[in-house]
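Below you'll find the structures, each written out as structure tokens.
Each of the next two complexes has chain A plus one more chain, namely chain B in the first and chain C in the second.
Then we have the complex of A and B:
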């Protein structure tokens, strides 16, 4: 599958079956548009969409074997749960016995067996979304599109379904495309991720791979929550110089880097409030502290830039005071003047 | 003060019901009693007036004529408005917002303005004095109204419902009939009610476009009054009966009327 809009918006993407494919990006980054084009609901303004060696660019949604689950809980209000799940099969004119068997199977899988005679309005949010998922599953589609399916669920249900989803799709040969705006969700689901920014695919690959080695600053930004900290840095000889007070020696692995200006990217959990070996200290003015149970998120200012530190344990700082933060410099990412990751 | 809290609503309802009570009261009196004395309830209770209406074809055909054009009008208004409202609620096309707004201009002029052109037009195509003429004339202001009401209700249904159906394999007509119409059934009921009521109470066009065969009940009432003296009891009975269709229709959509007055947008 490769929707490629020629010229203005590069979205070349080849998706394969078996694994979870994630579209990760903020609101308005183009996730839903991309899904609509894959479903055949929207036509791309340029480029082509291929499926299994066939050009399906102009083929309508009805003629593609796809199913889709939306962020809102969408079920047909005048059908009960059974009829909702059975609806794609009814349209495909399958026999009654076949429909009963398939709906029963899927309902079992999604724990809806007790609810088959209810109306969607009588279900909780989680049950409504399970019904929508069941309808997407029952059809044996080649392509299953999930548009932030868990975003409207409460925390507990979200965790539950997030665990189940990859298992449910594991045994099916279909291509699953899952759009999400949460980097944490992408990392939990694993599989492959395409990071999207303003309608462009910035990177596509194994989720963990993108996290460890993002091609460029944009991809690093998309797959980081809280946002990755950045600063201008200079390499001169054997030292990285952040400002007149902070500098550290260049590690052996990065010796080959040319002396120049770079952008350094440091993930929030690589900045700690307590000293460790090899860590480099910076002094920052504390702006906000968010303490959540066992984790502290501290926003602070260094050279006019706002940075975020995330570390386990409760570290309460007075807002407005200066505090010491420790950067795990071995984990820093360096981007050149084109915002591409520096690889040596 | 608190002890008289009930007084305001009671008085309000009293004055509200007074004319309706008086109409019913008169309908059960003889004309002599109405003209001769002032009585709070019928002294000589009579069904005579109602019996006349249900047995005299001049009278009951008036109801049949009125109901024919009103129901025909409701049917075409809602049928025509459904696809139009769907287009306005789901698609963006050039000038959609303007067109949607200017639909309502048909309601900005008094219907009387159109009486003369309609009279000429329908005479020319031999539709004069048929219920079709009146129904089509009323569609002029009822179709825009129905489009506005239905558009409101349709916009309350998420677009994702349509997408889900198409992805599931539904063709557009099948989706529209099997899923979309049931989803906005309340809206259709409200639109039908409003078009029914506006057509039912409209008098000027209905009178202008009919002569003998399709004469609406309101026209029958005025003419009978002039031809055979003042048959006030009969008129009151006829008037009482005109309330019934509206009351029946409103019963079915009573829970959605408020949303209907807001044109489906709440």
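Then we have the complex of A and C:
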């Protein structure tokens, strides 16, 4: 499949089956618009959408073999769970025996067997969303679109269903496109990710690969939670100079970098509150400390910029005091004046 | 369950409402009850009559005929206005600049005072100078609402449909606009036809507002007075004498206060009973 809607906004994407394809971006970054174009609900203003070697740009949703699950729990209000799951099969005029068999199978997979005779209003949010998922699965579509399907579920259910989703789709040959606004969710689901920013696809590739080596600052920002720390840095000779107090030697791998000004990107968990070998110390003023059960997230100020450090263990700091933070400089990312990742 | 603590002072908070309802509804109603069980003469002389007026009214052919006319009228306008209102609401645009234009056009008839509506249709339908009357006669129909009962009914119903379908449209439209867009997307992706979308998404989602629309239209049409009174005055003969017109004739025309009071109470109870029936039926359906 190759939806290339390269008109005003570059959104060239080639999606394949077998693994999750994730669309990651904030609200209004264009995830839903892209999904709607893939489904045939919206037409692109330019460019083309190809599916299995066929141009399907002008083909309506009814005639494409797609299914979609929305953020809201969408089911037919006056059908019970069985009828809801069966509805796409009824539209396709399949035989009763066939419908019974397929619905039973999918209901089993999604643990809905006990609930088949209930109405959607009598189900919990998780069960309603399972029903919607079952409706999407039963069709055996070539393309399954999931638009933030877990966003409206509470935490426990979200975790549970997130674990199940990849298993559910594992044996099916369909292409799954999953839109999410949470970087952590994208990393957990794995597969391939397209990072979206203001309607543009900034990068597309293996999720872990984008995380490790984002092409540019935008992609790094989209796939980072808490946000990636950035600062201006200068390379002169064999030293990186952050400010008059903080500098460190250029590693052998980066020797080829030209002497110039760069933007350094440091992920929050590469800034620690305790010293390690090769770590470079910065002094910052503590602004906020967020302590979760086993992790400390500390917002601090360096040279007028707010940075975030995330490290395991509980580290309590008095707000307003100065503290030492240690940057794992080997893991830093450098972006040039075009915000592109520097590769040497 | 925790034990509820009784606080006698709490009643003080309810008192204003009790007083308001008493002045507003209970005391006027009780004066009617008072008249309905007594014979009234001048000089404030009253004689106890028990249930005689009620028996008289229920047995009277005149009352039964008005009641039948009322039921027929209400039935017909519900059968026309509800489906028509839903159909218009479905065909109205859901977004864009035309939405407000349509809504204003729809709301216009509702803003016209009832007696003006009656007077408007009175002139509009006159066979010699009215646009509708002349047109119909020009087309070869023998149309004169002051002479023919059928023409009178036709005009009264047409007037009510013109005046009140908008209310159903606005309510149905409100119900439609509250359906989230993803429902339509989901239906489209499932390959559902336009009719299936109406039947399985829009109508079920409109059920609540439609129940309210039916209830409102039922109550209002059952109490209709001003418009037919101005249009036909209950005629020709008494073919369009609905319950309230009949009631006014008895109470103020003949000054039979006892029977009129009994009639009012029966009238009120019918509306109460039928509204309650409608409501429970529709709401029970909802729960299933």
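In this text, the second predicted complex is superposed on the first by the 342 of 344 C-alpha atoms of A that agree within 3 Å, B and C clash if a C-alpha of one lies under 4 Å from a C-alpha of the other, contacts with A are read in each partner's own complex, and residues count from 1 in each chain.
Definition applied: a contact is a pair of C-beta atoms (placed from the backbone, for glycine too) under 8 Å apart; a residue touches a chain by one contact, two chains touch by 3 or more.
Just so we're clear, the structure is a prediction, and the values are computed from it rather than from any experiment.
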In the superposed model on chain A, is it clash or fit for chain B and chain C? clash
Look at A:87 in the shared chain and tell me whether it touches chain B only, chain C only, both, or neither; answer first, second, both or neither. both
Which of the two partners, first being chain B and second being chain C, lies in contact with A:39: first, second, both, or neither? both
Just chain B (first), just chain C (second), both, or neither: which does A:135 touch? both
Using the superposition on chain A described above, determine whether A:124 touches chain B (first), chain C (second), both, or neither. neither
Which partner does A:77 contact after superposing on A: first (chain B), second (chain C), both, neither? both
Which chain A residues are contacted by chain C in one complex and by chain B in the other? 36, 39, 41, 60-62, 66-68, 70, 72, 74, 76-78, 87-88, 91-92, 132, 135, 139
Residues of chain A touching chain B in the complex: 36, 39, 41, 60-62, 66-68, 70, 72, 74, 76-78, 87-88, 91-92, 132, 135, 139, 145
Tell me, which parts of chain B touch chain A in their complex? 158, 160-161, 163-171, 174, 179, 182-183
Which chain A residues qualify as touching chain C in the complex? 36, 39, 41, 60-62, 66-68, 70-72, 74, 76-79, 87-88, 91-92, 132, 135, 139
Complex contacts: residues of chain C adjacent to chain A: 180, 182-183, 185-186, 188-192, 196, 200-201, 204-205
